[in-house]
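Order as written gives the chain letters A, B, C and D; numbering starts at 1 within each chain.
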């Protein structure tokens, strides 16, 4: 019973992550406002980070720290690598979002609008 | 026999013959045309009188060196044709340059004169001359097609391009090519209508339109040379037809009869026809004459 | 060092030095230019004998250079005409801008053509071919007239040809494992049937473009007329012959091994025939001398193609002889136009008339070349024409000979138009100041024109190298059977003996000239062309008696149905259609970042949907 | 061995951060430092390349953890060749932009060179890394600096271009992360060699998912159609030298990464066919779009995309000849397209819209720049005897050996289109009347030296292709030798 619950929870975590990604995609692809697009993009990032952490998670595992008492049993540690990856990814995502927002400011000054359909000077 | 002086003599004699015959034929044609048109017409020797008059004149002006050369070019063409075309069947008399050229060469040497003349006419600056030349050249493109088709038909039928060979074939087989290659003859004769430039194909000279066209600036000796060239040329062409289609001639009398018969075709065709426009003339030659030319080639290929 | 490398290094180095030498003064540049053409040519003829060959390796590709008798024949056209054109060019370019670029590309073209003849492998062949293409392209656009249309058209057709050739080359490489022409020839019969057809088609397309065969000829009129005339004389004279050179090799090697070769020969010969006819008709229509000569070149190349495509010994000989003759007389004629354009500023018949007394030497050169072009005896063109007709008749191409004959009879029309338009007719006030072209231009023209005269009576001079070249291609001995120093024979044994004919013609001509001159050319008075018999009146000075508009109108009316459709228009329509299509398809880049993002997602989704068929 | 591959990442990164610091002391140092760094790296790269040609690949382990656990850098004949090329182009771009247009001021120059160093760091890292997550990190470094460089000029629509680039780049990084996640969850490793050796253990469905996401992510960076919406805008709006850097450095790195993944990581033969099809579509779409362009740099951008498509096609053949051809194309494209971008940006220097028609008759005013542009045009369309011919020939030969008749025909037909639009520009440069309202700008000496160097390489490789073919053959053999790569990395201890 408990196993099933955990399984549902497992899939729930994955499902939630995928849902977050899809929401982000919706935001990025359908919304016409530049800001909303940026928000959508960063939601995608969050969803992926969530997904990454989730696959590294070991049910009932401990923090991946070689602390006394656990030294002999790395098997029960949570996989540290996805967490490291997520940390990196978050930092990168932050950087990208910052650049994006800077660009949005520039674009707003240049075009006076945030509507992406209006910002089409470069085409064909 | 083979000495150069003998040959030169042959050239001079054949030239005189050709000149006389040609002049006479042209006089006769004027007479015949006149009679058909219910006029009295000039005497048949009128052309000789005209020639003598022109030859004794002195020109006072000229328009440049090409005008001066023009009649000479014309003469080169007619005399060369005369030298290439065997006058009589037996190669001994008037053999001239018979063995040094063939039909294709003849075709080209025959256009040499009109082209050279055209240059002379061009230099005179008279627009009528140039217009006449352009008409003449255009018409030439017309009648050369059936003419060449007829010749090609003969060449492929008898596997030779030499006039002498074609004559010998007729002598040996006893059959004239007019009977063994009838379509070629028809095509050639139709082409001849254009070659002689009698009405309705007299678009080059076209007296009332172009004031005699290329010749309009020439008088005196220039015109005399042109006239003699024309008569020699006429004789050469008629001889060629006789050689090719009527089995040649073994003596001058036979030659005269045969050439006169041939000569009557364009003359008589002409007296009853009004003048064509240039493009009509060209299209005429690309019509039935070319069709007969094609027939001749097909006939030569398949029979 | 191998002499041949020295020759090419001299060409290349000389080209660059000449190009750069503009600052040292025009004279230095001219001398460098002439030296760069003449010195390697001299080295070539003194040090490189036929049969010479050298192998080397570039980029892991085996290359081989050498020369055989056939290439040597064409080297006469390339280097010989090149030398004359070079002298002409020095004078022609005086005071023009971008002389350096002109000289550079002139030399590069000559070098590339020699390289083509030297190449015994397909890669060097292609490299030199392309150098020839782009150097001539720069010349085509050199004047800056209408370059986006004419220039691009030339380059596109060249590219079509070159890429067809390149495709053939890489296919050959993958089948034979080598780029050598020899290995192609020796293993051609072992190719699959498809390849036996495809390879010659591709190669002939490549060569056909340069040889301006229909329907690949549309670039030629524009390109020939647009390049500087000093260059066009080698452009039309020798550069187009490279296409012929290639065609001959394809016909005599590959296509002579397979039964399908007959079909190729027939098709190409007929294409050549149509090229000749339509080239001639369009030439008649032109009012610009450059255009006229350009179309005429197309037509003349048609004859040559007919000759080499038929490929019987006489036909091949006719084609090659015509190729040499065409190089000479068309080279001269383009020079004539260049001289006239330089002296009068225009090359339009409707503007210039009556130059005969102003430019007599130019007229002499033009007259001789035109007579040669028209094929009138006793000049050289006749020999080629005669051999072509006879070869067509003796090899049973009866209809083709009619087509050719039609074309060359119609050619008289534009020949006359050329001479009349420029030199004859009314001498107008407007052109009274015109002087004869400088000696450096006149002398090459007159010498070349003199060559047509010489070859008209003694064709053996050039028929000997032709016969040697043909022996390299596998033809038998032809001297004595088809030609001798002054005799030409057909395969039935009929002959034309040229020497007595020349004497006869000259004799008659001189006799009658003297005869008409009894009272003297000197005694008659020259009067202006205004002084003509116009109903007994002398026309006033302002009366226009110039006949230059609408030359040959009646003839053109007669052939109008044949000229109604222009192949050029179809190409233009295709090109415009494609550009519109591309204009439409590029709208896929909408400019909206979101759309691009949707593309990405759609791309992923499509891959995910079809993953099994893609990666399965 | 005089240095280690890690220097290629460490030194420019360090330099990037030191530039502002040193700039406070001596303003000119922001310009000088990158040059010194890049020159040093070039020497280093050549030395290492010589070593590698003799001794085989160098595998550098970071922080003492041996693969597959630790992070490693691989300097093989293949990656080393690309690194050398990139560093060299970096040096050229530096030299060119030493005094380019608006970076004469200290502030913009500081930012510009900082970002340029970051860009080179990231690109070189992408090529050298043997770790799939590091690949992600380097791609992000490259991307962020590329976004910033694209938006470098404030006066134009560069922000728009940069934003598009950023949107697609974010998607790329998302997909890349997903792919990394899939691989890691299946194989538990991030080391490329290790992944390659264990790939057969992966379930096909996951494998295909992973390759699709990886391919898409890298395809966005490598300008594959239809993922390349950002590219024309970014090329056109970025400063001229940055366009060259994109064409010569960034895209090459992305191509390297995607090829490394397809050749070494995965064992899916369908991927090769996908490369050919996608490459061909990219080639056709890009070249047909290029012919209708009105702006010079946009035209060059589309041409660049098309060339990348051709590279993909060559890689997709999967034969050693194909790889050789692709590498040769990449080399030539890097050199020639950089030359075109560098000289082209001087041709339209003062113009606002950078229209093609504004180069009319400029040949007389900028003779050397124009000549170099024309040289580049001739070379890129594959006219002998210039460099581009040999690569085009090798592509076609490789295709013929793989019996791809249709590919040969299509490539050649597209080449005709290419010829048309390049020749139109060439015609305009030399054979049109100059528009008086267009003012020209003479290139600075350093820019001239940079362009002439590239032009000289175009000529040298054209006349003497052996100069590079030896390296290329080694590099292509190296890429084809999957087992060797895995062995080299994994046996290291």
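Some notes on this structure:
What we mean here is this: contacts are C-beta pairs under 8 Å (C-beta built on N, C-alpha and C of every residue); 3 or more make two chains touch, one makes a residue touch a chain.
These figures come from a predicted structure and were not determined experimentally.
Among the remaining chains, the Cα-based centre furthest from that of chain A is the centre of B. The two chains most heavily joined by C-beta contacts are B-C. Chain centroids computed from C-alpha atoms place C closest to the centre of all protein C-alpha atoms shown. Centres computed as Cα averages put chain A at a distance of 101 Å from chain B. Put simply, the C-alpha centre of chain A and that of chain C have 69 angstrom between them. Separating the CA-averaged centres of chain B and chain C is a span of 36 Å.
Here the spacing of chain C and chain D, counted between their Cα centres, is 44 Å.
Multi-chain contact residues of chain A (touching two or more other chains): 28, 37, 120-122, 124. Along chain B, no residue makes contact with two or more other chains. Shared contact sites, meaning residues of chain D that touch two or more other chains, fall at 160, 163-164, 167, 171, 232-233, 289, 292.
Contact topology of the protein chains: irregular, matching none of line, ring, star or complete. Pairs of chains meeting the touch criterion are A-C, A-D, B-C, C-D.
Across the interface of their complex, chain C is touched by residues 160, 163-164, 167-168, 171, 175, 204, 208-209, 211-213, 215-216, 219-220, 226-227, 229-230, 232-233, 268, 270-271, 273-274, 285, 288-289, 291-292, 378, 383-385, 389-390, 393, 396-397, 399-401, 403, 405, 408-409, 412-413, 415-417, 419-420, 423-424, 427, 430-433, 464-466, 469, 473 of chain D. Only residues 354, 356-357, 367, 371, 374-377, 382, 385-386, 389-390, 393, 396, 398-399, 401-402, 405-406, 409-410, 412-413, 415-416, 419-420, 423-427, 490, 492, 494-497, 500-501, 504-505, 508-509, 512-513, 515-519, 521, 523-534, 545-547, 551-552, 554-555, 557-559 of chain C touch chain B when the two sit together in their complex. Residue ranges on chain B touching chain C, taken from their complex, read 58-66, 68-69, 71-73, 75-76, 79-80, 83, 97, 99-102, 104-105, 108-109, 111-112, 115, 118-119, 122-127, 130-131, 133-135, 137-138, 140-142, 144-145, 148-149, 152, 155-156, 159-162, 165, 211, 216-217, 221-222, 225, 277-279, 282-283, 286, 293, 297, 300-301.
Within the complex formed with chain A, the chain D residues making contact are 133, 136-137, 140, 143-144, 147-148, 151, 154, 157, 159-164, 166-167, 169-171, 173-174, 177-178, 180-181, 184-185, 190, 232-233, 236-237, 289, 292.
Taken together, the chain A residues at the contact with chain C in this complex read 25, 28-29, 32, 37, 116-117, 120-124.
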